[in-house]
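There are two complexes below, and they share subunit A, which is joined by subunit B in the first and by subunit C in the second.
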Partner chain A sequence: MEKGGIAMENTTEDIVLDIRGQICPACLLITLSELNSNRERLTEASARLVIKTDHRDATRTIPGAALAMGYGVAVTQKERYYEITLEHKK
Partner chain B sequence: MSETGEFLEADLRASSESLKKYIRDKVNHLLSVMGTKPLDEEELDDNTLIELDPIGIIARSFEQILEHQRETNRRLTVAKDQLQAVFDTVGVCISIIDEDMRIVNCNEKQKDLLVSANTSVIGKHCYEIYCGKDSPSLDCPAVETLATGKPVFIREVEKKDRHFQIVTSPLKDENGKVTGVIEVSIDVTEKKKAERLMRQAEKLTAIGLLAGGIAHELNNPLGNIIGYATLLLKDKQSGLRPDRREKLEIIVEQAKKGSEIIKGLLDFSRQSVPSFSDVRLNEIIRKTIRTLQNRISLQKIKIDIELAEKLIVRADPRQIELVVLNLLLNSVQAFEGIKRKDKVISIKTGRENNLIQVRIADNGPGIPEEILPGIFDPFFTTKPIGKGVGLGLSICSGIIREHKGSIRVRSESGKGTEFIFTLPAMASKTG
Partner chain C sequence: MYRSDFCMAGAFRDIFLFRDYLRLRALLLLVALLAFSIYLMRFFQVISTYPPSFFGMPSAASLVGGVLFGAGMVLGGGCLTTTLYRLGGGSMVSVITFCGVLFGGLASAALYPYIYSFAGSTVLFSNKTALEHIIGGAADPVLAAFLLMIFLAWGWKGKRTRSQTGYARGYLAPWKASFMMAFVITALLALSGRPLAVNMGFEKLSGILSATLLPSVGEKIPYFHLYSPRLLYGGIMDGGAGPAIDSIAISQLPLMAGIAGGSFISSLRLGEFRIKRLPPARQAFSAFTGGMLMAVGAFMAGGCNLWHIIGGLPVLALQSIVFVFGVAGGSYLGTAFLKKQVLEGWRKGGLQWKTRLKTSSST
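Our next item is the complex of A and B:
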């Protein structure tokens, strides 16, 4: 699992969480932990969480939980993995 | 290690295993709530699991879910209040009706127009509340929409003496089954009234043109008849026998009656051009009362006068006098053949903003409701043949309209009639 990789786009910071190689439910637990620890920045929309996962189930479980917590979700299929972006709308 | 030590260690190990199993079970339970599958022991062994603190993670996540739910509820409440405000203040009637024709909800406009005060409507049959019937009518659009699942538009329907245009749209469940109807009604009563007045105005214009033309053409020959007949009557050399003189007098009298009718027609068709000047309305009223004083006294009618001071209008005094005379005469005639001691005609004038109002009311028998809409039409009369041609009120209406005022009538059977006309007030000369 690789964590960090901060990228800036406009004024929103990307917190990148690379959990390729992990399967559910660990993917979900790790993502939830990240959402909890960055809750303030994510809520005030100064940052968004970008998750890289190669576990297909995670594209269902992570968006489901994130939507229930009020995040906007976008899932993009990359060449060998999925990218899930979670962010609060400004 | 002693036997006791071994026993304690086994006991602790058993407790630890039981605790780990409890934690794993609880985590799996919470994960199933979050919509994911149970923990895989090969991926996360007990120690890694405890280190990850999954219950803490999920608890904090639930905190976020709860906060999001609270915010969503707050927004929903605001949206619901806004929607309710729009629902209630929109200028059309809206009703939600279920498949048993019972009212699920309706807006304030609907209640204002079709529901009696303090009547509870929710759960009641719509045909009972809105139409005053005990079953839906055959052409009810809601019934058709419930049966066909399609919207229905009705150009005009009458409910409780008001006229509506109605659109009904189906409400469907997730399987497409019709579960109710949304009924939107637009009150077109005032529009219909305006259309009727427009038609009446057009009719009056046409009749006015025709009547004016005919009257003008008849005026000259009638004048000649009266003139020559009068000459004959005055000619002492003519040697007319008394019976022929009597017949000639009848000719003059009838021709004069014809001439009066023609004068009325010319007034109605406005071929006499109004001559505007500053008019003291109260003086006109007093003068008109004096003109009719003989008839008023003869019929023992009491006149109540309440005149506001110094009311001046820009008007044709002769025409306004004609209006007051016609209305007052109407009130006097209302008492004809009635033997009562409390016959009263009240005349009031007043000023409201930039309008001067004159009210002439009597406590006579009133005008039947069914003929009330037509009383300003030309040739409309309830008097016997020969007693009137039915031009008086239409002339009044035409004169008042020409003076940029309005005239209306209120009447209740057995209680009396009130004519109210308004004229624009002079801006600075009143007081």
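Our next item is the complex of A and C:
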């Protein structure tokens, strides 16, 4: 970002939550707990929550709950697991 | 089932934990479709005996069994069927639950005389096995219409209840799975003349394991030497939990292998299969305990959720109705306990958990 001729950096911290091996409802409960404890940083867009899960149903329940809470969601399939990124809606 | 993650434990648990009715709605649709199809089979005389003779008289054991089963399936992360298809996908939690079910099967078999006596002495309706015996007319079309009305009413309630996007590759909406399962289950019922179940298959595995690994223990348990006649494929064949090749060996064991094998193929095709990590100790303990409770619950109630909810509820078997009330209560108790277990484990954060939560900066 340019402001008064000085380059400003936007730093976003990735909070990585590796819950591979866990199944429902633990995946959603833990994610909700982390969303709540990091709410301020996520709302300020200074951090985003990156969840690694190999439980298929978590790709339905976590995005569903996060969208209802007003977060932006992106899901990508990695090598035998899914990565769900939750961040402040731009 | 694998692609939609169709889960009866989730159907009950999610309403208590998240006020999420999506899965319950899909389950109601499945039961409604089966009630319709069974009524049609009865009308066109594809089914000869009605109400079916497979279901026993309801007793307090059906209710207590339902409570144990409901709590067990929530703690175990899924019912017996869910355990099988997740096992096929490489879930270690399901391996632990599976072991719990086998251990519970052994314990139930040892307690058989007491459970049998308890069920026999607490019969709720003597000589009545289906609602039809009480009200005197076919009630299954009414049940189907009622459940469909609930299904549609929840559809109007809101988008979150109606449908949710599943981002997993090859995701199948639960209501679509309900239609597919209703078709397959109806075909199997017409073919075999018997509702689906897997609980006796698990008990048989317990019997085979005890006969193989602990023969001195297995020989002393009378239940593993007990075989009773069962209606299957239009004939009568003996079946029991012992290691013999009988009606259970040719019906429930292949079904169990088919569910696990089908999800294994599905997970391979979707590029998802791998032997997954072990869960944290608290969740592993819950899964094993849940498996044990499911085995004992199904033993007491005379069948698992597949038998009672998919097989008995559509024909309004009294034993199944009582079992469902028990399952709802047990799921509530199991959910409260599991939530505490998971969140306390997370907050206390063992070393394993803390190292998994890390931060990094990106620009």
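As a working rule, the second predicted complex is superposed on the first by the 79 of 90 C-alpha atoms of A that agree within 3 Å, B and C clash if a C-alpha of one lies under 4 Å from a C-alpha of the other, contacts with A are read in each partner's own complex, and residues count from 1 in each chain.
The rule is simple: contacts are C-beta pairs under 8 Å (C-beta built on N, C-alpha and C of every residue); 3 or more make two chains touch, one makes a residue touch a chain.
What you see is a predicted model; the values in this text were computed from it and never measured.
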First (subunit B), second (subunit C), both or neither touched by A:57: both
Between subunit B and subunit C, more extensive residue contact with subunit A: C
First (subunit B), second (subunit C), both or neither touched by A:38: neither
Contacts of A:26 with subunit B and subunit C, given as first, second, both or neither: both
Partner chain in contact with A:65 - subunit B first, subunit C second, else both or neither: both
Overlap of subunit C and subunit B interfaces on subunit A (superposed complexes): 22-26, 28-29, 33, 57, 60-61, 64-65, 68
In the complex with subunit A, residue positions of subunit B that touch it: 31, 34-40, 43-44, 52, 54, 57-58, 60-61, 64-65, 67-68, 71-72
Partner subunit C, residues of subunit A touching it in the complex: 9-26, 28-30, 33-34, 47, 54, 56-57, 59-61, 63-65, 68, 75, 77, 80, 82, 84
Footprint of subunit B on subunit A - complex, ascending: 22-26, 28-29, 32-33, 35-36, 39, 57, 60-61, 64-65, 68-70
Complex contacts: residues of subunit C adjacent to subunit A: 2, 5, 7, 10, 13-14, 17-18, 20, 77-78, 86, 89, 91-93, 160, 164-169, 171, 271-274, 276-280, 283, 335, 338-339, 342-343, 346-347, 356-363
